[in-house]
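Take a look at the following structure, please.
We just call them A, B, C, D, E and F in the order they show up, numbering each chain from 1.
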Amino acid sequence: MNTMNELLETLWLTTGIANFTWGQALMICIGLLLLYLAIAKKFEPLLLVPMGFGAVLSNIPIAEISGPDGLLGILYQAGIETQIFPLIIFMGVGALTDFGALIAMPRTLLLGAAAQFGIFTTLIGALALNWVPGFHFTLADAASIGIIGGADGPTAIFVASKLSPDLLGAIAVAAYSYMALVPLIQPPIMRLLTTKKERCIRMEQLRHISRTEKIAFPITVLLLCVIFLPTAAPLIGMLTFGNLLRECGVVDRLSNAAQNEIINMVTIALGLSVGSKLQADHFLNMETLGILLLGLIAFSIGTATGVLMGKIMNRLSGGKINPLIGAAGVSAVPMAARVVNKVGLEADHHNFLLMHAMGPNVAGVIGSAVAAGILLAVVGG
Amino acid sequence: MNTMNELLETLWLTTGIANFTWGQALMICIGLLLLYLAIAKKFEPLLLVPMGFGAVLSNIPIAEISGPDGLLGILYQAGIETQIFPLIIFMGVGALTDFGALIAMPRTLLLGAAAQFGIFTTLIGALALNWVPGFHFTLADAASIGIIGGADGPTAIFVASKLSPDLLGAIAVAAYSYMALVPLIQPPIMRLLTTKKERCIRMEQLRHISRTEKIAFPITVLLLCVIFLPTAAPLIGMLTFGNLLRECGVVDRLSNAAQNEIINMVTIALGLSVGSKLQADHFLNMETLGILLLGLIAFSIGTATGVLMGKIMNRLSGGKINPLIGAAGVSAVPMAARVVNKVGLEADHHNFLLMHAMGPNVAGVIGSAVAAGILLAVVGG
Amino acid sequence: MNTMNELLETLWLTTGIANFTWGQALMICIGLLLLYLAIAKKFEPLLLVPMGFGAVLSNIPIAEISGPDGLLGILYQAGIETQIFPLIIFMGVGALTDFGALIAMPRTLLLGAAAQFGIFTTLIGALALNWVPGFHFTLADAASIGIIGGADGPTAIFVASKLSPDLLGAIAVAAYSYMALVPLIQPPIMRLLTTKKERCIRMEQLRHISRTEKIAFPITVLLLCVIFLPTAAPLIGMLTFGNLLRECGVVDRLSNAAQNEIINMVTIALGLSVGSKLQADHFLNMETLGILLLGLIAFSIGTATGVLMGKIMNRLSGGKINPLIGAAGVSAVPMAARVVNKVGLEADHHNFLLMHAMGPNVAGVIGSAVAAGILLAVVGG
Amino acid sequence: MDELIRQGLQLMALGMGTVFLFLSLLIAVISLTSRIIQKFELKTEQAAETMTSKHDDLVEVISAAVQQYRLDHPRRK
Amino acid sequence: MDELIRQGLQLMALGMGTVFLFLSLLIAVISLTSRIIQKFELKTEQAAETMTSKHDDLVEVISAAVQQYRLDHPRRK
Amino acid sequence: MDELIRQGLQLMALGMGTVFLFLSLLIAVISLTSRIIQKFELKTEQAAETMTSKHDDLVEVISAAVQQYRLDHPRRK
């Protein structure tokens, strides 16, 4: 630094306008759009506010906030590459979830299973997209894209960060956006596949679940997972750990911590970290468009197969199961269950399905964690 | 991956049943046993729930949750190898502890000192076990085992993680289990060593301690430690730091954080991390049996020497000290103090010793931190 | 270890008294002095209690608590070298700050700008000190020292940890001490530069700010920073992120986390970490004295230029602005605003300036973050 | 149909198969566990029930009111 | 005057210049934004206002009392 | 008696010696400190006492009730 001119030039060269690429400017607009959707439209704001803000921060020229020494880059390495953040979120989800409705009606696990068709058909859709010039999805990429159909943010991030870190940004945006759009995506499909009579079916009240049953549940799930599907053990393990903290009744301090301070802190860090993957050069390409399209398909198919399985179960049970609750099997907890309730009330103003939809809803979380385990076992091996 | 057969084989090879060793299956049962004791029997649940769950998770085949890239392995490296977790717990203990009873009766520090005999006799017991074929305890191992007698979880973990990381799992299990068993272990010893008349001795009410005295206490302890025993400074330093946050009255935000969110988060992480050391190949051996046996001896001797010192002090003070309170010198805060109270009430239904037992109880924490400092200075050098 | 004599010698060699240097003993006294000021005189206790305690811990011989494997050393590396801690504190400050007063009177940003003269004149003062034998401040050192005049702890730590890590301890001590001394430093300067008539000027009540304006504010500030001054983006980015969490109204869980558990935890860690830089060999030298002197000058000049700018604005506005509020432009939130209020009340017992001083007060935070960005861009490049 | 899609279809068969198998197994085990627990529980349940109802109604009302107020004013917490 | 101090003076000119420029720009943009928002907001505002006042006064009084008590006794929290 | 046990016994002597010495010293210093503080404190104490009792009883009763309710229903917190 010598003359004032040189100094001014140094300073000019450090301004944003002298360094912006069009891609960065566009990505900052996309970040602002995510913030708008989160704040004004209440699209999953807990995740999309940090993620949108992270998208803005990571596209600032020069500042390198997503670089290896920047705050977002450090958070990404510490929490996403190691997969710690999604696992801790899963612990929090476990601590926040009451599995009572599922224990009262274990059959509804089948609805949670059926909805996973969304994952696997989308996987094939992604592979089929390779026929279109400009797409080069590997099997690992396709698996990561398919998992969007699990409608479960941390599971999608867990899988994508392991199989296709480059696609993580687009996958996370798709997963959370469509979870927020569930009230728009699901109802038409639900109405199309059911008759008015089916939608009016009222279901029996759920039985009371004792504390011991609630304690036994996470341990049962964990042990089955240990015996048959250890590759799903990290996700299922943390989910059931959180749930055991909640239900065991002797560690309320820890349960409260998992439900509040821990999940809040990690949500902020996770959102910012994922935002760091929304850099222009990783996000602005054909593949992102493909992922957004495929994600929508995944949600739609998952909803459809859930409802169809609901219709089958209704037949087999002699008309006791309202097929609408199958739509909650995609997870998107608790939004999908609320959508079921709303569509049910539309058909019959006294038909409250919320509690019955919670069963398949949380079953969907377990279902996609299982699917994630299989994908990681076969593709990630 | 080529044919469906190969795919099925891949999947079969990733199931738990195809990969279990007997040791892992047994360790998972031990993990479940710890969970049972924690939940149904309320054995130190804050630690044993995460630790038991960690034991299950770390013995799942294939998943490698305790491996260097697994969640528990990462937590262990980040928090136990660096000794950060036990130190932060110590800060929380300091913030949660009211040293008023000790300041009112500083003499009771001698009871906390006497109870440390449990540590050193057990150390020699561990060395003596080497005469039995199958045992090969080094001096460092013996010191780590002896510290179980400190009846203080974080101190035991702090020492063992530095001197004998391989024995950490067994030592932590022994320390927390016997802390939970204090109501069974201590009373017979206490009754054996005291007369009914001694157990009936009522003690004077403790004087009121001013805020300034409470602020001066942690600083005094720290300075003495700095001058005479800097090797105990990390433990004593964090304990007194937490206590100063509590007592100084100007940083209630920080004090509450240390007493709640911080200690809760670290307790979960510490429990899971320690659980990661309960892997079959580290835990299922003769040495673990030896450690469990020696730990029981350590608690018993500590209780006995505490009570005997109580008897001496009673004589010297002219019958003003109930020797039972010496048993609280092993620490195991606040369980041991409650046991003293209970045994005292058995002898005389109006003899409340709880507050008087809190003095030696917290003195025991300082006493074993000092002992830990000496062991690390001499053996760890 | 062989004979008892050797053992005793080992132990003696591990006592503090056998290893103390005079510097360490003196630094421990300085740590205790900081604790005294924090507790008895309420000097910024949230920072100075951990920092003072950290100073004591890091000067304990042998224990090496500030070494690369000691708790404080690890915290320093993890949080200060990476600059994570000051950035997270900035997020918390954003979440705790209501920018309403500033939005209602954006002109007061000029007061926050004027007060930054303290930074740059001190920078030149530091360079001038090189004429005195014993001082060797580089341009980077001078910039770090100047930033003390920003009267904003995390900004000072952010800049100093990047430009002059060796001076960090002295700079942090100076910054926080003078922030605490603002009620003593500012009033004489304020009275000297204003007439009684000026001090009596009453200001109009501030207009009500809508939620939308409060949401737009952090985004506006961020975008301007992105476009014109990306080097200030980490600080401004986290400040505005925290503020957006606060104001957007849809993520109260996260906002509460940023305002409470996160900032509390990081405050403890930051204080201890900064304390680790108060080691005798880094702190006890001429340069520290120079820094303490220069820091005082920085605060005084910042106050003076703020008040002078207030006088100019008062003239231009036709007597509607009380020049006292210019003194709040140094930041030192919210102490400086309270001092303005107090000096105003001295002159006229019904003249409440607190709300009007909050505008320049928070403007000063933005102003010094901007100054920090420029210093890092030009000097740190 | 190319190789990659064949692999995808295999993965689908395998994946959905495992999901259904695993969750069906879970149905069986949960139902079984519930039945066992319900048998052993009658007495325990009653003891537990009486223990948790030792609060009085006034406290509940006040507390709910305070709770509601807090929810409406989250920032003052 | 030595080289280093010359650099310092340059830095001061540059720094204070940028600070004033940036904050002046901020004044302009904030004022503009506020004016735009205030125009578009009249109706939204009114709706929002009525929503936040659904608590009753008794709850507020009790809650404030409890709050005060807590502030006086922080450690029991 | 083998070498290792001899070392253990030395360690015991040393360790218990240090523990007793250190804690005895602590007894002396704490007693001394307490005595000094108690002397200097009479007036300060009184001032402090009056400051902390500015809450009224009603608040205490309500607050304790709420506290109790919370303890009985930890999950709703």
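Note that in this section a contact is a pair of C-beta atoms (placed from the backbone, for glycine too) under 8 Å apart; a residue touches a chain by one contact, two chains touch by 3 or more.
The structure presented is a predicted model; accordingly, all values stated were derived computationally and were not measured.
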Chain pair with the higher count of C-beta pairs in contact (C-E, B-D): C-E
Far-end chain from chain D, centres as C-alpha averages: C
Chain whose mean Cα position lies farthest from chain B: E
Chain C and chain D, separation of their C-alpha mean positions in angstrom: 48
Cα-centroid distance, chain B relative to chain C, in whole angstrom: 40
Distance between the centres, which are taken as Cα means, of chain F and chain C, whole angstrom: 34
Where chain B touches two or more other chains, by residue: 1, 7, 11, 228-229, 256, 261, 374, 378
Residues within chain E bordering two or more other chains: 7, 11, 14, 18, 62, 66
Chain E - residues contacting chain A, complex: 7, 10-11, 13-14, 18
Residues of chain D defined as touching chain A within the complex: 4-5, 7-9, 11-12, 14-16, 18-20, 22-27, 29-31, 33-34, 37-38, 41, 44-45, 48
Residues on chain C engaged by chain F in the complex (per definition of touch): 1, 4, 7-8, 11
In the complex with chain C, residue positions of chain A that touch it: 1, 7, 10-11, 14-17, 19, 28, 32, 35, 38-39, 42, 45-46, 49-50, 53, 56-57, 60-63, 65, 69-71, 74, 260-261, 264-265, 267-268, 272
Residues of chain B that touch chain C when the two form their complex: 82-84, 87, 215, 219, 222-223, 226-231, 233-234, 237-238, 241, 244-245, 248-251, 253-254, 256-258, 261-262, 374, 377-378, 381
